[in-house]
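Written out below as structure tokens is the structure these notes cover.
Labels for the chains are A, B and C, by order of writing; each one numbers its residues from 1.
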Amino acid sequence: MSQATGARFEFHNLTKVFGGLVAVNDVTVEAVAGGITGIIGSNGAGKSTVFNLISGFYKPDAGQVLLEGQDLTGRQPHEIAAAGVGRTFQNIRLFQGMSVLDNVRTALHRSLDYNVFHALLRLPKIRSEEKRAEEAALEALELVGMLEAKELTGSSLPYGLQRRLEIARALAMKPKILLLDEPAAGLNPGEVADLVNLIRSINAKLGLTILVIEHHMDLVASLCQKVFAMNFGQVIAGGTLAEVQNDPAVLEAYLGKGASHA
Amino acid sequence: MFWQQVFNGLSAGGIYALIAVGFSLIYSIMRYINLAHGSLIMIGAYIGYAVVTATNFPLIPALLAAAAGTAIVSVIVERLAFRPIRVRGVSTLYILVSSMVVSILLQNLVMVIFGPSFRTLPQLVSDVPVVTHPINIARLDFYMMIVVVLSLVSLNFVLYRTKAGRAMRAVSFNPKAAALMGVNTDRVVSLAFALAGALAGIAGIFLGIKYSVYPQLGELILKGFVASVFGGLGSVAGAVVGGLALGVIEVFLIAYGSSSFSPVMIYALLVLILLLRPRGILGRIVEDKV
Amino acid sequence: MSDYYTGLLVFTCVNIIVTAGLYLLIGGTGLVSFGQAGFLAIGAYTSGLLTTRLNWPFPLGLTGAIVFSMLVGVAIGYPTLKLRREYFALATMGVGEAIRALISALPNFTGGSVGLPGIPQKTTAWVVLLLTVVSIVLVRNYLKSKFGRNALAIKTDELAAKAIAVNVFAQKQIIFAITCGLSGLAGALLAHYITYIDPSMFDWNRSAELVTIVFVGGLGSLTGGVTAAIGVALLPEVLRFANEARFLVYSLVVLLVIIYRPGGLFGNYELSWQSLARIWRKLTGGARKEGAA
């Protein structure tokens, strides 16, 4: 898998208002090119909304999303995905009933060089293209260590494997950046450790820029070079994890007033 | 002349509103498109016909009898044809299709029992107009308007002023949470279908008087669908507004356009509304949320 | 072949062709069109008018029917395919009725509600069989390609499909165009068999019947859809002795299937050489075991 290594990704002054409630307020984040960047914060801090704004599921009211300098602001989700933004969902969204292999193969549709007429007439070209798709899908499955499970139904797998499959599906698109929405949610400690290794190895092998939202501090601590903390829709601190953890604003937000002079 | 046309439109629209209200009620509470609602109206007309020919009841007892009878049929339909699907938790698509088949089934059932012929209800409403000046208001239209208003008012009372109504709105808002809070979903659903059935029964009598009673009477529901999309799916008040608007538009299309093109224009308008303002006049929900 | 059996074959095949297209739409995207009879009407009238008024040859009439139905499908799909499923269902129902009303409203052009007589009888048993097989193969090919996977992705999780760069709207447009094209073809074949068409043949009950066929066959199986289409065409003939009650019996059967077997009669079973071989092995294996016992 050859990826454009270390895509630059940033968004500036993102703002989203839901019926008078400011869910995301003037958020600016610059991801570490080729590295792993974390966004932390409590529930309702606006982290998931940020992801939905970046990937086009919500339209931002203000701000700008830039991938390698290319403006993605306000585009349709499928256009943003096509531009190179891969993502997973907090509550795993696999294609129910599809096999593991087909879940990944579906994500390869853009790299398959044939059109509707080829498909309807099932021209010989299809066979070779589909063969290529299968190989690419297997490659993505190998990357997450799920080759043996390829024939199984995706949604019947244990949670940890479903999460991996979702990552494999996103990787099959050959994205420039990968957004992971609470990847450790619902996993047991063993599965979290596996996941940390997986994300690190993907980052190392592909040099892929990764942005991760997480509650799980162990995961953030062992993966992220740079961390942004959010509270009430705003970024309150940014830097290394140690810097962020000692930031007065963060301490106040997490431990409440008075924590700093206790 | 102009106001007479407006009134004629409103009176036709009253029928559409009556058809649409029950349909809209089920959609607003259950998010089901109940395609069988038209057939329930037809059943209501037949119940009214049977009761009136057997007992010579006047209008109001006949309305009550049809409302009660159709409410029972409606609850039975929900229990037999929708509940098993809902309990299994498969897509509401199946309920849509199930309701469509129920509609065909009821139509054929009536066809087998009563035959395909048209039947006329004995005269329940006198021909003497309520007023003739400045515009002519037929007694039937006048009563219908009163009934539409009464149904809407009492429906609002039930939905917003009673415990059962609160439970219904809770179920419509979030069925799972409502069940956790101790709301008996099954009973609430039955109640909603009983209410919609009663409205269908009332509509059935009026349709029967206006157009006579026959197995395909329920196909008028198509106008009810259009009315509820006009007014906004899922809004009961919208269904009434949409129905009245549809009636007026139709009358003016016929008066100042062409009678043969009026149905085409109505459906074209439907598509146009879906294109420009899919939530209709008073509706809310259009797209699925993320 | 006697006229009776040819007629039965044509009606059955017309059902199969529409079902194949409708299966692609419902089984592929989860959208239900309640106006497909309108598209049968478009196909029937397009070819009927082209061959009678303009003396176009039959193959061109058929082509015209397919193309025009597809164009109308694209035009209708543009505003409606973005909406929720319920809205799409009601909108297509309205469209179906609008098409019928339009045909009735243009008596000078279409013959109005009196109908259009004198359409050349060109649909033979062989023509209809060939086109039915072609239609099934086209739909099967579509489903077996990346487009089929995209469709399934849209049906199961539209958001996840968007997240892997599937242009959901465009995919729905393509599918709805194919669905409408096949309905148009079926309508034209019907018109060129019965030689006389009128708007009442394409009413809402016809649309409803077509949808039930797909659900009885199951949303996961084209084989099921085709089998159900055959069953639905033949059942009224089988139940002929029951007279008026036959539609009652038929709708009762359909209702029971939808309520108690939501996967349809066939679930996800798909007829293929492999599955036939598997059944054969099972049968022969079973026989051998019996022989051994």
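Convention: a residue touches a chain if its C-beta (ideal position, glycine included) is under 8 Å from a C-beta of that chain, and two chains touch if they have at least 3 such contacts.
These numbers were taken from a predicted model, which means no experiment stands behind them.
Enquirer: By raw count of C-beta pairs in contact, what's the busiest chain pair here?
Expert: Looking at every pair of chains, the most contacts join B-C.
Enquirer: Report the most central chain, judged by the distance from each chain's C-alpha mean to the global C-alpha mean.
Expert: That would be chain C.
Enquirer: Round to the nearest whole Å and give the separation of the Cα centres of chain B and chain C.
Expert: That gives a centre separation of 30 Å.
Enquirer: Can you check how far apart chain A and chain B are, centre to centre, with Cα atoms defining each centre and the answer in Å?
Expert: 48
Enquirer: Using CA atom averages as chain centres, what separation in Å is found between chain A and chain C?
Expert: Inter-chain centre distance comes to 41 Å.
Enquirer: Hey, what residues on chain C touch two or more of the other chains?
Expert: As it turns out, chain C has residues touching two or more other chains at 159.
Enquirer: Of all the residues in chain A, which ones touch at least 2 other chains?
Expert: 57
Enquirer: Quick check on chain B: which residues sit in contact with 2+ other chains?
Expert: Within chain B, the residues that touch at least two other chains are 290.
Enquirer: Which residues of chain C touch chain A in their complex?
Expert: Going by the criterion above, the answer is residues 138, 141-142, 144-150, 152-153, 156-157, 159-168, 174, 220, 268.
Enquirer: Can you list the residues on chain A that touch chain C in the complex?
Expert: Spelled out, the residues of chain A in touch with chain C are 55-57, 76-79, 81-82, 86-87, 89, 93-98, 102, 105-110, 112, 114, 116, 118-122, 126, 130, 133, 169-170, 172-173.
Enquirer: What part of chain C is in contact with chain B in the complex they form?
Expert: 30, 32, 34, 76, 79-80, 82-87, 89-91, 93-95, 97-98, 101-102, 104-105, 158-159, 204-205, 208, 211-212, 215, 244-245, 247-248, 251-252, 254-255, 258-260, 262
Enquirer: Would you mind writing out the residues of chain B in touch with chain C in their complex?
Expert: Checking each residue of chain B against chain C gives 27, 31, 33, 80-81, 84-85, 88, 90-91, 93-94, 96-98, 100-105, 108-109, 111-112, 219, 222, 225-226, 229, 233, 258, 260-261, 263-264, 266-268, 270-271, 274-275, 278, 285-288, 290.
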